[in-house]
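Two complexes are shown next, each including chain A; its partner changes from chain B in the first to chain C in the second.
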Partner chain A sequence: MTKQLITIMCAVALIVSACVADLEPVSLPVVDYTSELRGMLSFDSTARRLLSGVYKRNEGTTRFGDRIAVAYDGQVVTMYTVRGVAFFTLRGGIANDSVKLVGVWRGVQGSETGIARLSIRPSEGGREIAEGKGNGLGLILRGEITTSSGSRESYVIEKVDATNLRQLDFEIIAHRGGGRNSERLGVSENSIPMVLLAGRLGATAVEVDIQRTRDGEPIIFHDPTFTARTVPSPYVIGDVDNYTLRQLKAVARLVNGETIPTLDEMLDVIIDSTELRLVWLDVKAPSVMDAILTSHARAVERARQRGRDVDILIGIPDDATFSAVRNSRLFGSLEIDPKTGTLPILCELGVDRVRDVNARVWAPRFTAGLQSTLVAEMKKEKRRCFVWTVDDQNFISDFVSNGEFDGILTNYPTLLAAMFYTSPKGR
Partner chain B sequence: MTQSIMVVTTTVFFMLIQCVDAYCQQSDSSKIAPQLEPISDSVTARYQFEFTVVGTIGVTRYEDNPTRFSSTNRFRGFAGLLRAMWHPDHLLSIGVTSGYILLSEETFASGTAGLLESESEVQLTAFPILLSFAMQPGNLQIGAGVGAYMLTSATRIAGEEKFTSSDFELGVHAWAGYDFDVFSGFSVGPEVSLHVLSNRGIGAFHAGVRVQYDLLY
Partner chain C sequence: MKQLLVIWLVLLLSVRVTVKGAEGADTALVKPATEDEQHYIMAATAVDWWRGGLSAGVVFSVLPQPLTEYPIPAPMIELRGRFALPLNLAIYGRLGSNIATNIGQIGAMWTLNLPVVSLGGGLSGFITYGNITYIDGFNVVHERLTFYPMATASLRLEKVTLTARIEAEVLSYRRSRLGDAEGDNGNDRKNQDVIGYTRYDRQLTGGAITLSIEQPFWKNTHILLGVTFAYSRTPYQAWFLYNTFDDRLFSTEFFAGFIL
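Then we have the complex of A and B:
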């Protein structure tokens, strides 16, 4: 009896101590871009467009599969692969009709990472890019990549499709501002650094979550309570709306050290410092709808002043939020889009509710399937259709190949970007 | 780090239990072999119900500095615990532990860079509700508890009203104490203890005094 109790006690203690698995951060290798690219001219928009497209693997490592999508985010050239679910962020330059690209790659579903050094010889497309001519078809990127184990692998890929991937009318919507904490991207979910990274992960749009503070400020945070998974600060525990904004700014830090952003701060950064085309505000605190709509109106005006074409949508995930939007005194101030005649609202409820609130986007859950008839109806009414939240490769494949949705919300924008851009529909 | 401490603590505890178990077996054998002297009177003549009040001071260690204004991750604290144990059979006792633990308290002076135009305070306390087990070889008692800690954070930032917020976290507690008999049923002695809330990265080591009363002695 005694021994059994002791054994049970020890087992319970061990289970309790083992129930938190620390996620070790993934350290990206450091690249000295200044010395790597010394004496080279920076890419202009034409060079980035010529580089953009779908490539096939000719030689070398097979770790990234046979099809690779190459796009860009600001000054950075990006690559996305289905196999290994990897993204590359590369900086480059041109010298003597040759192109050089150097940067890091990271597999987002694991911890594999390394450095990529690629180049384009003058005769293999370098001259074309230097002169800004042609469409880049047939250009060959060759070089090597290093891996986490330190090995070096050769890599040669050839451009086989000249589509400018960023121009495609399909939204790759990154969940929680770009990705979850569990992906160990080095930045926290729903943080400012995360939305700055989102474009490099492949996203053209982001979904961010809105909670409220005790003093009624809309903040960007997913859960209704603070846990060690999201906010490790020991003084920050319990319900989010127990804290004022000043308290949170003072003592709360996200897992990678960032402060919790307000809705205004988040929208300002997205408008000013990213190329994201769409923001999905997932409202989890309908009680501050007036404050949310005020921030929305301010952000729309800011985007207009800066010439930014970004669609900021008020998300309606449930009946309470639906009522809050309809009953808000600011509902009438939402601007109708002259092209579609719709309001900047994304409704996750049934299509009747979508029509009732004249939402620009209908966003059903992925488990409801392709819903082709309803999607067609919505599109006929000039509404867009997104589906959420699709992470599994098979489901993504199904929605990309057989669905008619205009965008997919995912925790893996890198995977979706790679699969969509390299699919027949993407091209 | 906290997990490592927890695993080491559990391992040490397990080894201690093994020692005690070996000791118990010696004691059992004394019943079968009456020619052996009993090892201790206290082994065969202990309480059935025991109440212990423990007062300790100690050090709390967080995994990282708890705020960006904090200059350390170690803080002084204190605890007052009450333990009620039932002694069903032999040396093992089972019971509950509860009480109050001040894990840390910080005051940031007015003018602290980046935040404060007036003095601010933060405090973290815990109210443990633990299922506890203990063994008593002689006057030594070693034990462990597993259960919930209700953490309460009290924050007053830059002149704002003081707010509190609470949540439960799983945690474990291990202790070792020694009892000096004072008079019939009462004993007093030192106790050292460790609280670990691995999910929150909190560890607290305490030392202090225990006063024990053996009901039905």
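Then we have the complex of A and C:
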């Protein structure tokens, strides 16, 4: 009897623990933008600038807190909130001196999502936007949002600060191209669709990870091995560098169905199709450093030809990568920035190593604290300082308010954008 | 609260009357603890005053996968104990450590013996102290106080006691600090470089179900074997992963020990 009981209990425990896997997927509601915005004129860059800024809540739902940052990414108007850690992606238009915005919102730390329908009356800023005048201060967005439970909540916010948030010299760096798979954004970490989404999440920069294939091709992938977390296929398992690029392109699909991009493919998309200002290449395969530096040089040239101001940095996370960079035959071909006299390198090691390799960026781990003295030293040498990877709201608040870093790497660019833009430093 | 007190007093009175009237009769509504049960720790069985047990063992946790991304085991050594007080009350507690995470728990419960089952209810406080400053680059200290109201039911078989315990998790206090140590990266850090936060929350952050078996093993030694299924926003063993998910996460904790 005893033995049976123990056996039954162990079996139940194993079954239950095996059954519980990841978080439930999140589906965004569908909006028919064509019918919602029929007959309206699209926003131009002036309208987007007038909409951009910091807003305060006047009436309605409190689920997004009292301060809201409004920015834009391409044609899309975006909103970021600290409370609820939500991002909005809104499309809109102008008709009869009124502005209409419609889109979806999503709380990225949970599964809350819904539709937002907002408008600006002619007397509350709509006319100003239609005529492209003023700075947008005092304009009022009013309307309603729906929630995951189907309820409707009114929402009225007013613009109280006219800073063009996208112009601020602070990098909101999204981890793994925008977010991890566990954020359930509907696109996979380190994928092309993820970097296309990153700007809407609030990012001004992205960090992507570089692994290698068996035939020496740098690819964008985080883990050294394939698991169900990243590539849910029974046929793609084991070490990443056991597969050739051709094999991976043929059979490996990320959790949301995308193919694994090469480094060249990723950099081309970032340059051609995003407004991201900086790319942090987190090298996890130093053995293909020559190929990485070749891709880097090619991308820098491509950006120059297209007039894109994007800083592509070679990340050095450890001693092996440090040696690989220094010993690469292409190290000498890295271009020195004429303004700062530094190389396009981001070094996570100590400051001596940063100087040794003349890195443009020093990036210590967040658990070392604010490190004010060293940050000041680095800035005096015209180097930038980023800190990684900060997700906790309390620590983000400390780094934003009390730190002197030039950027923060996070899995929640939405939260960082909302906190930075609505903080005194963000203005 | 008053109702709970009245219910408790009525139950207590009925138990005392029944025990007095039964005097060992097989028809008693309550069944005193056997000699084996006097040692058990997780069971709701009421035992003689000042009797109880202390187990030394190990815990093996599987941290929530969305937080860790990879299956990361978190073993810990622990002591669990329970000692009976008058009026069917008992104190119970737990101490555990894997160096990075250190825990201490102490609580009180009231128990009631019935012929086949025993029932109990109680409240405990649970302190977590996490420290990984000894790992280069992880200059982090964390403290946390959580309360666990619980209800327990035990099935009293001939030699074995099978116990199910259900607990709510109420987070009360958190404190985290970064950059405490000086000299990291060769830098003499100033006090203003230390960052951190203190929060008094008092929020329901989750709950847990624990199933356990206690039985004789060899001579006077008994064994304790169990599993806890926790569903929590703040799994204590994952404090250094800084959970940022609004969702409650599932984690499993297996434990085994020898009752000394």
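In this section, the second predicted complex is superposed on the first by the 408 of 427 C-alpha atoms of A that agree within 3 Å, B and C clash if a C-alpha of one lies under 4 Å from a C-alpha of the other, contacts with A are read in each partner's own complex, and residues count from 1 in each chain.
In this text, contacts are C-beta pairs under 8 Å (C-beta built on N, C-alpha and C of every residue); 3 or more make two chains touch, one makes a residue touch a chain.
Values in this document were obtained by computation on a predicted structure and should not be read as measured data.
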Regarding the shared-chain residue A:Pro232, is it in contact with chain B (first), chain C (second), both, or neither? first
Is A:Asn242 contacted by the first partner chain B, the second partner chain C, both or neither? first
Return first, second, both or neither, reflecting whether A:Arg152 touches chain B, chain C, both chains, or no partner chain. neither
Which partner does A:Lys382 reach: the first (chain B), the second (chain C), both, or neither? neither
Considering only touches as defined above, state whether A:Thr373 meets chain B (first), chain C (second), both or neither. second
Regarding the shared-chain residue A:Asp392, is it in contact with chain B (first), chain C (second), both, or neither? second
In the superposed arrangement, does A:Arg326 touch chain B (first), chain C (second), both or neither? neither
Let me check the overlay on chain A: which residues of chain A are in contact with chain B and also with chain C? 1-2, 5-6, 9, 12-13, 16-17, 20, 22
Interface residues, chain A side, partner chain C - complex: 1-2, 5-6, 9, 12-13, 16-17, 20-23, 107, 109-112, 180, 182, 227, 229, 350-351, 364-374, 391-395, 398-399, 402, 411-412
Which residues, counting only chain C, touch chain A once they are in their complex? 62, 65-67, 69-70, 137-140, 157-160, 162, 176, 178-180, 184-190, 192-197, 199, 211, 213, 215, 225, 227, 229, 242, 244-247, 249-250, 252, 254
Considering only the defined contacts, which chain A positions touch chain B in the complex? 1-3, 5-6, 9-10, 12-14, 16-20, 22, 214, 225-226, 228, 232-239, 242-244, 246-247, 249-251, 253
In the complex, chain B touches chain A at residues 3, 6-7, 10, 13-14, 17, 21, 24, 62-64, 66-69, 89-92, 94, 103-104, 115-116, 120, 122-124, 133, 144, 146, 151-153, 155, 157-158, 160, 163-167, 169-172, 196, 198-202
